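We call the chains A, B, C and D, going by the order they appear; numbering starts again at 1 in every chain.
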Amino acid sequence: MAYLGLYGLQHRGQESAGIATSDGDEVYLEKGMGHVADVFTEERLGNLPGTIAIGHNRYSTAGDSDVANAQPILIRSHRGKIALGHNGNLINAYRIRRELEKQGSIFLTTSDTEVVLHLIARSAQRTIEDAIFDAVREVKGAYCFLFLLKNKIIAIRDPLGFRPLCLGQIDDSWVVCSETCSLDLIGATYVRDVQPGEMVILDDSGLTSLRPFKREPTRQCVFEHVYFARPDSIVFGRNVHSSRLAMGKQLAREHPVQADIVVPVPDSGNSTALGFAQEAALPFQLGLIRNHYVGRTFIEPKQSIRDFGVKVKLNPVRSVISGQRVALIDDSIIRGTTSRKIVRMLRAAGAKEVHVRISSPPTTGPCYYGIDTPTREELIANRYEVDKICKFIEADSLGYLTLEGLLDAVQGTMDEFCTACFSGQYPVEVTPEDRRQLRLFAERAGDGPPADRNRS
Amino acid sequence: MAYLGLYGLQHRGQESAGIATSDGDEVYLEKGMGHVADVFTEERLGNLPGTIAIGHNRYSTAGDSDVANAQPILIRSHRGKIALGHNGNLINAYRIRRELEKQGSIFLTTSDTEVVLHLIARSAQRTIEDAIFDAVREVKGAYCFLFLLKNKIIAIRDPLGFRPLCLGQIDDSWVVCSETCSLDLIGATYVRDVQPGEMVILDDSGLTSLRPFKREPTRQCVFEHVYFARPDSIVFGRNVHSSRLAMGKQLAREHPVQADIVVPVPDSGNSTALGFAQEAALPFQLGLIRNHYVGRTFIEPKQSIRDFGVKVKLNPVRSVISGQRVALIDDSIIRGTTSRKIVRMLRAAGAKEVHVRISSPPTTGPCYYGIDTPTREELIANRYEVDKICKFIEADSLGYLTLEGLLDAVQGTMDEFCTACFSGQYPVEVTPEDRRQLRLFAERAGDGPPADRNRS
Amino acid sequence: MAYLGLYGLQHRGQESAGIATSDGDEVYLEKGMGHVADVFTEERLGNLPGTIAIGHNRYSTAGDSDVANAQPILIRSHRGKIALGHNGNLINAYRIRRELEKQGSIFLTTSDTEVVLHLIARSAQRTIEDAIFDAVREVKGAYCFLFLLKNKIIAIRDPLGFRPLCLGQIDDSWVVCSETCSLDLIGATYVRDVQPGEMVILDDSGLTSLRPFKREPTRQCVFEHVYFARPDSIVFGRNVHSSRLAMGKQLAREHPVQADIVVPVPDSGNSTALGFAQEAALPFQLGLIRNHYVGRTFIEPKQSIRDFGVKVKLNPVRSVISGQRVALIDDSIIRGTTSRKIVRMLRAAGAKEVHVRISSPPTTGPCYYGIDTPTREELIANRYEVDKICKFIEADSLGYLTLEGLLDAVQGTMDEFCTACFSGQYPVEVTPEDRRQLRLFAERAGDGPPADRNRS
Amino acid sequence: MAYLGLYGLQHRGQESAGIATSDGDEVYLEKGMGHVADVFTEERLGNLPGTIAIGHNRYSTAGDSDVANAQPILIRSHRGKIALGHNGNLINAYRIRRELEKQGSIFLTTSDTEVVLHLIARSAQRTIEDAIFDAVREVKGAYCFLFLLKNKIIAIRDPLGFRPLCLGQIDDSWVVCSETCSLDLIGATYVRDVQPGEMVILDDSGLTSLRPFKREPTRQCVFEHVYFARPDSIVFGRNVHSSRLAMGKQLAREHPVQADIVVPVPDSGNSTALGFAQEAALPFQLGLIRNHYVGRTFIEPKQSIRDFGVKVKLNPVRSVISGQRVALIDDSIIRGTTSRKIVRMLRAAGAKEVHVRISSPPTTGPCYYGIDTPTREELIANRYEVDKICKFIEADSLGYLTLEGLLDAVQGTMDEFCTACFSGQYPVEVTPEDRRQLRLFAERAGDGPPADRNRS
C-alpha cells in the first residue's frame, strides 16, 4: 500500500524513495536512490513486514544527494525506534543544529529533518506525543511530519499549514498522505485534511486528533495550486484543476490577447490554458508536445546543440503553430531563459506572434518553505520590470496574473495562503542569518521538494 | 547525435536501446536492456567513436526480451562488419529461416531481422547494395532497414511503405529516422520521406537514391496516425496532430453526442478530443490525469486492489467529471477490459453518463506488419457487434469512426494506407501457415514495436 | 594509498569497505558493501581528494550488515566533521548507549562505534585530543580508533592493546595500520607499534605521541598469532609466521604422533604444520587444496550434497593421503562440525589414520574483544573433555597445544597476552548484564572482525 | 550441480560463466561476465529447469571480452537448439571462417567456437553425431567440446587429447568435466578420462562411446601438470600434485643448490618446492605469502608505487628470508619481469642469495592449443640463453628442469605429451598464415583459457 501510494506522489520527489514499516515488535526500513520503481524490488518489499507503514519520495537540489539523507530516517533512542518522513523545510534547523552541537549532539546526515529527532529524544516529556510537541514548538518553517513507531503512526502539520496533508480511509484503516491522488490510487476515500497545527495519532484504538497549537490564520502554499500538485488532487480542500481553470479564466480577463490559438506549456499549463481559452473564446491547441521519457541521467551533447535542454522535453507542432498568433500559457517565469527558448522555438515553428501569459504574479522572492527556487538574485522578476522581462524572453506581450486574481482563483485570502514568493510577505520570518545558513545548509543538504529544473 | 535522436523515438520502443558507429575503419556497438537513459552512460558513449552511426529502440512482447535480440545486430561476413537496425515485421521470416536452416545456417538470435543478414551474406552479388536488393526481394512484410557499414549507411524502406522513414539534413550531414520529432530534437531540417521502395545510400559522396522496386500503390500504416506516432511528428508527409484533430471532427459529425464535456484518454486521445470538442461545440476538459512516472518493473499488489493496473496510470478529476455527461475519446478498443475500467472509473467519479467515441473503426484483425496487437481471438470487435461492445464496456453509447472518415482525416485513400486491422484487407498475404509460425516466432522472439500494454 | 593499503587488510573484513579523506578544508567519504575491489571504482576514488586519509574493512556477523554501519562513520559536530574507523569491540557500548539515550541522544547506526563519537561531542574539553581522552576513558574493551579531522589524523589504541596497530613511514609521511603487510604493500617501512594506551597525532607538524593512560601490563590478543593475522605481518613486534612455526614445533613436542605425513588445513595451518613436521622429522605434505574462488554469495544446493559447504573450500589430494597415517594440523576447533567433515574427507581419500593436532588450547570461552566467536554454549570444548571431542570429530587421536606452549611460541607471558578464550581470564570484566546486552547488540549490529565461517 | 561444478573449475577461466540446461523439451541458457559467484543468482539458477546441463568458465585475453562471446553458445538450426561449451583453441578457425563467410555464412560472435556450429549445421549427415564428426574432421587444434541438445549431451575430445576431459559418476548419472576436482566437489566418483579422439553420448539410455578417429599417439598438454590444473585433480590419469612433487625432486637432482631454505612462489610452486626440499634435504619454507583477495578490477595507483602489481599479490616474510640463501621455486619464466620483481623483493627482505629453479624447460614458443602465452617475441627464453636470463632476473643462479626430467616427472613420453612451448615440436602444424590470423583473431576474440597475468 505504501509502495503504491508512493507511485501517486512520485511527482513530488524523484531523488530517493523509502518505506518504513512495523509489525508491532520491530521497525523495518528500506530506502535507496532513484524512483519508486527503481528502488523497490520484490525482495526489498519482502523485507518490510508489518501492518503499518510510512513512505517518502525525496528530492534534493545540491550535491548531498546521498542515501544517508534519503527518508524515512530511522533512529534508535530511549523511546525506541522512530522513523520519520518530512515534507517541507525548516527555517531554523541550522540554528538549532548549531545549538545542539554545542550541547554535544552529533549529526550523521546533512538533512534538516535530523534535528527534530534530536529534539524529541531530548524532550523531558514522558509520552512520545508530548515530546513531539516539545520538538515542533522549537522548529520554525514548513513541515508535515509522519512518525512511525512500533505501534503507531503520528502525523503533524505545522500551524500555518504550508504543505498539504490529507486523511483518507480504506475499509477500517486510515491513510495520511500529501495529495488525494494517492488515495484514489489505492482505492481509499478522502475524508478531510489534517488541519494546520493538528496532530493525528493512528493506532490500535483508531484515530485520535490533538490540537497542540492555538488556532491562527493559516498560510497554505498557493504555489501548490499554481504548479506543484497534480491537477487530479484535492489540495487544501480544493481541486487543483479547478483552481487552474479559474486562474486561466481570470488571466484572460486581466490580460486579454489578440491571438489565434491558446497553447499551454505542458503539462502544468494545460488546465490553465483551457480556462484561458474558454474565457477568451479562442481555440485551445496542443501546440507543444512533451517527451515523457527524458531520463534523469541525461548526458549533454558535447558540441552543444542549440537549446537542446529544452528541445529534448518540448517540441512544437509546426502545423498548429505556423502562421498563428499564439497565446502561450505557463505557470511562472523563474530565470527567464527557458521561457525565451520556448518563445524562440515557437517562432522557429512559424508563429507570427507569441503572447506569454503567466498564471501567477512575478516571482520576486525565493521560497524558504519547501519549494525549490533559486536565490533572489537569479529570479528575473527581482531584477526587471514586466516590460523588460517581456523583451528578455522575446515575447510580443507578457501578462502576469495579479495576486488578487490568483487568490480569487483558489477561492482564498491572504489570511489563508502563503504568497511569499510573489508578495514578499514571509509568514515565518527568515533573518539574514537564517538565509545565509539556509544556503550553506542547502549546499550541504538540500531538502526541498522537487522543481522542474527546466523551468525558466 | 544518434543518442539524442533515440530520445526522441523512445515512445517507439522501451525494451532495449543500441547504437552502432563507424570511424571508417572499424564498426563499434553498444547496446543493452532498458531505456536510452539507462543503457547509455558517458563511458559507453565514449566506446563509440566515429562519424557515422545508427541507433535503435526495441520492444518485444514475449519472453525473449534478451540482450541478444537487442538491435542493432552486428555481424561479420565476407562483406565485413554489418550492423542492422530494423523497424517493422517480416511475414515470411520463419519460412525463410527454416529454409536457411535446411541449407545449414545457424541462428544466434530469435529475431526475424537475423534472416536478412543471412540473405545478404549469401547473395552472389558483388556490391553490398545489390546484395541488399537480393535479400529484400525475398522477405515479405514491413521493414525500414538501416545498415551501417564501415564507410556508409544504407537505408531501405519496403515497397508498400508500411513504416515511416524520413530524411533530414543538418549542416552538411544527412539524418534518417522514423519520425521527424527526432529531427527537431537534434536541430535537423526535415527534407522528405524515404519513399516506399527507395534505397538511400549515405557516404562520403553524399546521398544516392536508388529505386530497385517498381512503383506501386503504397500501404502506409494508418495506425501510426491513429495512435503510434508522436503528434508533433510529420509521418507520411502529414502532421499527426492535424490528422487526429480531423479524426476528432469527423467523429463528432459521424457520432454526435448529447454530452456536457469532452474528455480524452490521455495522451494519445488529446488531439482527437480537441477536434471532437471543436466540431461538437462542447467544452474540452482534462478529466483524466496520466501519471508519467509509472515504472517498467511495477510490482503488482498481492491483495489485488480493484483495477489497480489502470489506476496507477490514470486518475479522474472528480470536480470536472462529477454530475457531467462525458464524451470519452480514445483511439481504439482492443480487448475492452481497459475501456471498461475507465468507464467505471468515470462513473465512480460522479459521471452521469459516459459516451465512448473511438477515433478508428473496430479493430477486427491483428497487425502482422509491426504493431503489437493480440491474436484475433482476443480482439473484442472480432467477437462482438458494436452494441454488445458498448454493453461490455458499460458505456451509455459507443461510436467508432468509419473507415472512410478515418481515411478522410489522414487525407488518404485505400491505395495509400494499410487498414488491415480494421478492414481485413491485408496487403501482404499472410497464409495460415505464416500465422501459425508468426505466433511461434513471436513467442520466441517478438520483434514488433511497442504498444501500450494497458490498452483494452 | 589508503585504497591500496585496504587490499592488504582485506582478510580482516570482507563485508564493507570505506575511505575518508581530507584536503584540509573538507572531509570526504565513500563507502559501500563488499570487497575493496568491488566498492571502489575510479569514479569513487576520484571523489576523494586530499592529502590525508583513513580506510576501513568491516565484517559483521548478524543481519545488520547495512551500509549505514559501514565504516568510517562520518559525523558533523561542534568540532566539525569527524570520520572514525574502529577495529575492536566495546564491552560497555550498550550500557553507555542506554545512558546516552536517556540523556536524549539518538543513534542512526547499530554500531558500537557511534557511542564514541557521541562521547567526544559531549566532552567539555576544548581540544579534540582531550575530548577523545574523555571518551576513551569511558569505554571499555578493545579498540584501535583512527580519527580523521580536516587537518589531522589521530590514532589511539586501548591501554591493554588487544588489537594490533603499527606505525610505518614512507618518504616523509606516516602510515598507521593494523598489520605490517599493508606497509609492505605500499612500500612503507615498519617503524614500531602504536603502543597500548598511546595516542598518536599526525598533522602538518609531523607525529606527536601522547600517553594519556598510565602504563600497565598489556593483554594483546594471542589469537592474532594463532589464526587471524597474515603470516607475513609483524604483529605485536613479532612475525606471525615465526610464531606459528614455533607453535608447530612445540605441538610436536607436546603431542608426538606416529604418522607418515603432516598435512595442514590451509591456509592458516600451513606455517604451523611446517614447524610440526620439522620437529617431528615427518614429511610435510600439501594434502588438502583450498579453492580461493569461493564467492561470498554462494547458493546452497537444494538437494544438499553431503558436506558440500566444506568441499567447495577444501579438497583432499588422494595420491598424497591414500594409505597414509595423517597428522592434521589446524589452529582451533570451534563447534567441531567442520573438523569432523575434514577428518571424514581424509578417510574417504584413503587415510589409514587421522591424528588431529591443534595449535592452541581448547577454546572454552567466547571473545568479547573483537574476534567473532559463537556463544559459550556452541563451543564444543566448553561441553566436552578432549577425549570426547576426539570421538566427536572421529579422529584417531587429538592433541591441543598447552597455554604455556602457546605463550612460549609467541615469546610472551600472561602479562602481555590476552588468552581469555582459552584460559577464561577476561582482562576486562564482562558482567552477565554486558553479556546479555552484547548479544542483543550483536544481533542488531555485529561489529566484530571476520572469522572463517566454515571453521568448526 | 553444473553450478557447483563450475566453482571447482573457476581457476580455468574467470572472465565469464554460463550454464545451459534442458528439460527434454526446451533448452535454457544463462550466462554473464564475471566469476561463477557473481553471474549466478538464485533467480538466474531458477531460470534453468531441466535434468541435463553443461557449464563453462571462460577467459579471454583481448578486448572482445563481451557477453556475446561468453559460453555456452546457443544456436538454433535445422537440428534444433544446440548449446556448446569449448575448452581449447582451434588453429584453423580463421581459415574455415573465411571459407564459410565466402559461402555466405554470417558470424555474430568473434569466438573460434562459432565455426564448429556452422560446420555441424551445414553437414549433410542425418544424425547429430555424424554431423559433429563431419565438423571435427575439419577443425584442427585443441578441443574438448560439450554439446547440449534437448535430449542428450555429447562430449568429444580431439584425437591428440591436448586438453583434459574426465568422466565421473554420481548415483546413476554421468558427469563430464575438465578436472576431477569438480567431481570431488559434487560427490561424484572418477571413472576414467574421455579418451583422445573419443566421443561420449549421454542420454536416456546411458553412456555410449564412439571412436570416430583412428587411434594415434596423443599429445596431452604437459603444462597442465606444470601450472594450469589444480594439484588435487587427476589429469591425464595422473595426480597433478604427484607430478609436481616429482618435478621438484628431479629439479633438485638436475640443479642442486647451496641454499638454506626452499621457498615456493605460491600457490603453483608449492608442491614442486616441497619435492625439491625433500630431495635436497633442505628446509621447505613459506617465505612468500599470497593475497587471495586481489580483485579483478584493480585500479593502478597513479604515482606508480614500485613493483606494486606484484606486491599486491605476493609479500615476503622477512623473518624467514632475512640472512638466508634462498632456493626460489617457480613453474616457468615468461617475460622475466615478474621473476625479477620477486627476486628483488626477496633481496629487499634480506635474502643473502637467491637461486631460481624452474620446474619446466625454457619457454621458447607460444602455445596455440589453449594456454594463453604471449607472442614468441615477448618470451625471454626465445631471446636469451639461460645465463643471460639469470642476469636479467638478477638471480644468483638459475636452473631449468630438462625436458627429459619433466617427462619423467609426469611419467610420460614425447609420444604422449605435447611439449611444443618447450621443444618447438608443434603436433598440429601452424602455418605462418595461421599464426598471423590467430593473432588477428585473438585481438578480436581471444578464447584461450586463463593465465596468471602476473607471471613473468
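Here is the rule we go by: a contact is a pair of C-beta atoms (placed from the backbone, for glycine too) under 8 Å apart; a residue touches a chain by one contact, two chains touch by 3 or more.
This structure is a prediction, so every number in the text was calculated from the model and none was measured.
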Exercise. Based on the averaged CA atom positions, which chain is farthest from subunit A?
Worked result: D
For this session: Averaging only over C-alpha atoms, locate the centres of subunit C and subunit D and give their separation in whole Å.
Result: 36
For this session: Return the distance between the CA-based centres of subunit B and subunit D, expressed in whole Å.
Result: 49
Exercise. Just how far, in Å, is the C-alpha centre of subunit C from the one of subunit B?
Worked result: 61
Exercise. Every pair of chains that touch: which are they?
Worked result: A-B, A-C, B-D, C-D
For this session: Write out the stretch or stretches of subunit A touching subunit C in their complex.
Result: 67-68, 73-78, 98, 101-110, 114, 117-118, 121-123
For this session: Could you please specify the touching residues of subunit D with respect to subunit C in the complex?
Result: 1, 3-4, 7-8, 10-11, 14, 35-38, 40-42, 45, 181, 184-187, 230-232, 234, 239, 241-242, 267, 270-271, 274, 278, 283-286, 288-289, 291-299, 301, 305-306, 308, 311-312, 315-320
